[in-house]
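Several structures are given next for inspection.
Here come two complexes built around subunit A, the first alongside subunit B, the second alongside subunit C.
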Partner chain A sequence: MAEYYITQSKMTALLKELASDSGMEVFGPVKKGNDVFISKMDGKTELCLDYFISVNSIKEAIFPRFEPILKYKLRSEGVELAELPPIKPLVVFGGHPCDAASIPLMKDLFSWDYKDHFYLQRLEKVVIITLACVEKDENCFCTSLGGSPHGETGSDILLERVSKDGWQAKIVSEKGKKFIETHLDFFRDTITPEKGIPKLQDKDIPVMFQSDRVKKWIEKNFDHPLWEEVASNCWSCAACTYVCPTCHCFDITDDATMWEGVRTKNWDACTLPFFTKHASGHNPRSQSYERYRQRISHKYSYYIDLFNHVSCTGCGRCSRVCKAGVNILDIVKRIDEESKKGEK
Partner chain B sequence: MPENIYEPYLMEITEILQETPDTQTFRLAFKDPSVKEKFSFKAGQFGLYSAFGAGESTFCIASSPTRKDYIECTFRTTGRVTSELANMNVGDTIGFRGPYGNSFPLEEKFYGKNITFVAGGIGLAPVRCVIWNVLDLRDKFKDVHIVYGARTYTDLTYKHELKEWEERKDVHLVKTVDPGGDTPECGCTVKWNGCVGFVPTVLEQSTIKGGKDDIAVVCGPPIMIKFTLPVLEKMGFVPENIYTTLENKMKCGLGKCGRCNVGNFYVCKHGPVISYADLSKLPQEY
Partner chain C sequence: MQELVKKAKELIESKEVDLLIGYQSDGEKGAKPLFVKNTQQAEKLIFNQYCLNNLVTYLKRPDVKALKKVAVVAKGCDIRSFVMLLSENQVSRDAIFIIGMTCDHVVSPDGTGENEKCTTCKVHNPHLADVVLGAPVPEKIAKDKPVHYAQLEKLNAMSQEERWAFWQEELSRCIRCYACRQACPLCYCERCIVDFNTPQWIDTRSNPRGNFAWNIVRALHLAGRCINCGECERVCPANIPLMLLNQSLQEEAQEKFAWEAGYDPESQPPLTTFRKEDDEDFIR
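Up next, the complex of A and B:
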């Protein structure tokens, strides 16, 4: 099979070219303050290629923060449904394997009996170009959940760094192949792999817990005091859920004038205080630790019951963003320890 | 079915009944005749009703699936959407998505059995759907008892139907209001001929005899349910045959928005109907 390479400058040029096409949506890493975010680009956006991991995940591109799901006209004769804008093809560049690994998980949810065509059509139309990892920090734990710093799951093209200036492009899917063939000019250069380019192997991120043992403990310990201990410091700000590639909770709200309105699906979060509040005022999860317990239990137990997979990729974003010191890896490791104690 | 799972059917309000000062029943007709033709549902299922401009709210389908020309919902004004709905008139258009969720296992488990319905306040809405379903197929069931209570006379919903059930020979209705709820100050405009007392107490004092094969359907405020359960068990009902509906906050009704779960039980997909035997296996997050 042919080998494809792309230099940083060609990648920047390609994304800029695609982003100037109004028929397309392009997302890439953009610096804001000291941090890098996967952001929607236009032809003028400056890309940032020197970063470890973006604060947010590629979820931003495929499951937008706000998405119109219904438009209507309010007329004196009654309500009339109006057309929604078509879903555009899109390119998402700059996530890591722990971003892309969320794709099959989210797909399971959005096709569970009822098919959410907003998500599923975007998935059909997206080309996900992922950067294999060359760096890690203490919050990374993809390998504990079956992932890998050079994992291909969910990506269309995987870029592996071979020189200071460029990547080798690995075709992962049909869509990825077509993308490279369509933009072959950008992938033509041959880059001679340089020595000393950092590469991350699976063993560089040791496995730190057993997720099936964690699930077993969660099933039996809903009322365990550990939950309050590890999560009562949570401020219920929901930042962790917004940056998470697999958190998918949303709200549905209307916004209307006298003449027309739009209904949107917008990100919501199980860690927010009003999330489950009944109209009567009763709230099944009134304490912040109860809500964080839901966040962990959903990912590490309930999701497995529904879709046979942990709904966490080990990207560590939630721990990095949390300024209240709630660290998912520490918590899951603690649970695993407790579970081991119970086994003896 | 439209491709867009969030797209509601348009429905016209054909009748409005003011049940209590804050509760109304809407009778709704599909605007699109082809939808009306195809639409069907089962007792216990719910839908998302929308006031365009305000948003969506979850209510059960309160009419019986045996009545095919319309659906009905009964709702209490509690917030933004319900206030908007409460201001609507006959002829106005609302949205409806559904039917969603599971249903009461009528054929599988209720046929041939004695059925006791216990409801409090607006909790009669989901129960009423099953009551009419059962009454419309009356010969498939043995004895049918209904125990219904509200805080005051004014708060009783479906008053006209209570009267109908009272007059029927094939149903036994016990109606009650909380102590003090039968006074003119509480809006009692008739000479109250029902009981005075809380639902669980009235149930216990009733002539209803429970048994391990008998079915009970219980819906109402959590406090009523809490005190009714031990009474039912004392009467001989078993948890496998006591059913209720969960009313967790919902947004999508489709198993996507992540809001309604109790443990791994998604109320919008696996519920809202659940037996006490199953409910007791779930974490107490409802």
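Up next, the complex of A and C:
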């Protein structure tokens, strides 16, 4: 098979060219302050290619923060449905294997009891270009969940750094192959691999817990005092869930005047106090640790019952954004230890 | 920090408090909140320049409010927010034990150098506490010197159109996670304005309309109340410079009402009181 390479400047040029096309949506890494965000680009967006990991995940490219699902007008003749914005072909550049690994998980969810055609159509039209990892930090734990710093799951093209200035492009899917063939001019250079380019191996991110053992403990310990101990400092915002590549809860809101309206699918989060509040005023998850317990239990237990996979890719984003100091890896490791004790 | 651990153990052992909220270390250069319920946990307590969290924010939580007495480790700046909770009748003084820490400065949110907020601090030594720990720190600014935030100058120099463009760009990143609200010690409404949904008062979509409405409403609700702890901006995952809004309103409160929030629990915040001598040149 042919080998494909692309330089940083050609990648920038390619993304800018695609982003100038109003028929497409392109997402790439943009710097703000000390951090990088995967952001929607236009032809003028300044890309940042020198970063460890973006604050947000690639989620919002495919599952937008908000999205109209119904528009209508009231006429004397009756209700008239208005056109929704078309779902355009997408290119998403700059996630890591822990971002892309969320794609099959989310696909299972959005094609489960109801086929969410907004998500599924975007998924059909997206090309996901992933950067294999060259760096890690103490929050990374993809290998504990079957992932890898150079994993291909969910990507269409995987870029592996071979020189300071460029990557080798690995075709992962048919969509990826088609993308490279269509834009072959950008992938023609041959880059001689340089020595000393860092490459992260699986063993560089040691496995830190066993997820099946974690699940077993969660199933039996809903009322365990550990939950309160590890998550009482959670102050119940949605930062962790909104940067998470696999958190997928949404709310439906209506915005209407007398004669027209729009119904919107809108991100929501189990960590927010209002999420489970009943009309009566009762809240079955009234305390912050109870809400955080839900977040962990959903990912590490309930989701497995439904889809046979942990709904976490080990990207560590939730821990990085949490300024209340709630750290998912610490908590899951603690649970694993408790579970081990129970096995003896 | 033996003093702190000793005091904490004393409070827990004597059952004077049901819970103590303090700091524990989080890596070499970091600290995070710690909930202490027994003497063993108290061993982990620390206090240093990495203790950025304003722990007073936990006092607004229903489960914490339900306790008989709670101790909280607080810097002077954090105590200013406690003073606001007192003057707004949100906490009972007897239900809280303040362990005031003297503090020269804390680090900036990115961990490099002195935090900007410390350069305008007038309470390096706690002004209201049940016990003060740490060596006294010389105050650098006189109590009656009006506040001025240098970073506002750039914003104020912009034309209206430039400011509009600036905020459009900044607020476009808001994902409506409400970390600002949850971290804020003074955002204590049992039902937030964004949670009024029959009908929806504030657009919950993170579109320009929703994001402007949310962030401006929050800033206005904090007018004359914000004590410049900077937590909203620090916890914002989208790096939005929220303190520009809050500081701008702090300067307004200073200019219009000669008011700085959080120093005197006996005084009344300008927006909750009426004084005949207030000039009303803003009513035209």
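In the analysis below, the second predicted complex is superposed on the first by the 341 of 344 C-alpha atoms of A that agree within 3 Å, B and C clash if a C-alpha of one lies under 4 Å from a C-alpha of the other, contacts with A are read in each partner's own complex, and residues count from 1 in each chain.
In the analysis below, contacts are C-beta pairs under 8 Å (C-beta built on N, C-alpha and C of every residue); 3 or more make two chains touch, one makes a residue touch a chain.
Note that the structure is predicted; figures quoted are calculated from it, not measured.
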Touched partner set for A:325, first subunit B, second subunit C, both or neither: second
First, second, both or neither for A:65, with subunit B first and subunit C second: second
Partner chain in contact with A:222 - subunit B first, subunit C second, else both or neither: first
Partner chain in contact with A:251 - subunit B first, subunit C second, else both or neither: both
Touching partner for A:233 - first (subunit B), second (subunit C), both, neither: second
Partner chain(s) touched by A:52 [first = subunit B, second = subunit C, both, neither]: neither
Contacts of A:306 with subunit B and subunit C, given as first, second, both or neither: first
Touching partner for A:280 - first (subunit B), second (subunit C), both, neither: first
Doubly contacted subunit A residues - partners subunit C and subunit B: 251, 253-254, 277
Of subunit A, residues touching subunit B in the complex: 69-70, 72, 74, 78-79, 81, 84, 109-110, 112-118, 222, 248-254, 256, 261, 263, 265, 268, 270, 275-280, 282, 284-285, 290, 294, 297-298, 301-302, 305-306
Complex interface listing, subunit A residues touching subunit C: 32-35, 37, 39, 55-56, 65-66, 138, 229, 232-233, 235-239, 241-243, 251, 253-255, 264, 266-267, 269, 272, 274, 277, 286-288, 321, 323-325
Subunit A partner contacts - residues on subunit C that touch it in the complex: 26-27, 32-35, 52-53, 57-58, 61-63, 110, 173, 175-179, 181-183, 191-192, 195, 197, 200, 203-207, 210, 231, 234-235, 237-239
Residue ranges of subunit B in contact with subunit A within the complex: 3-8, 10, 12, 31, 50, 52-56, 78-79, 82, 92-93, 95, 221-222, 247-249, 251-252, 254-259, 261-264, 266, 269, 283, 285-286
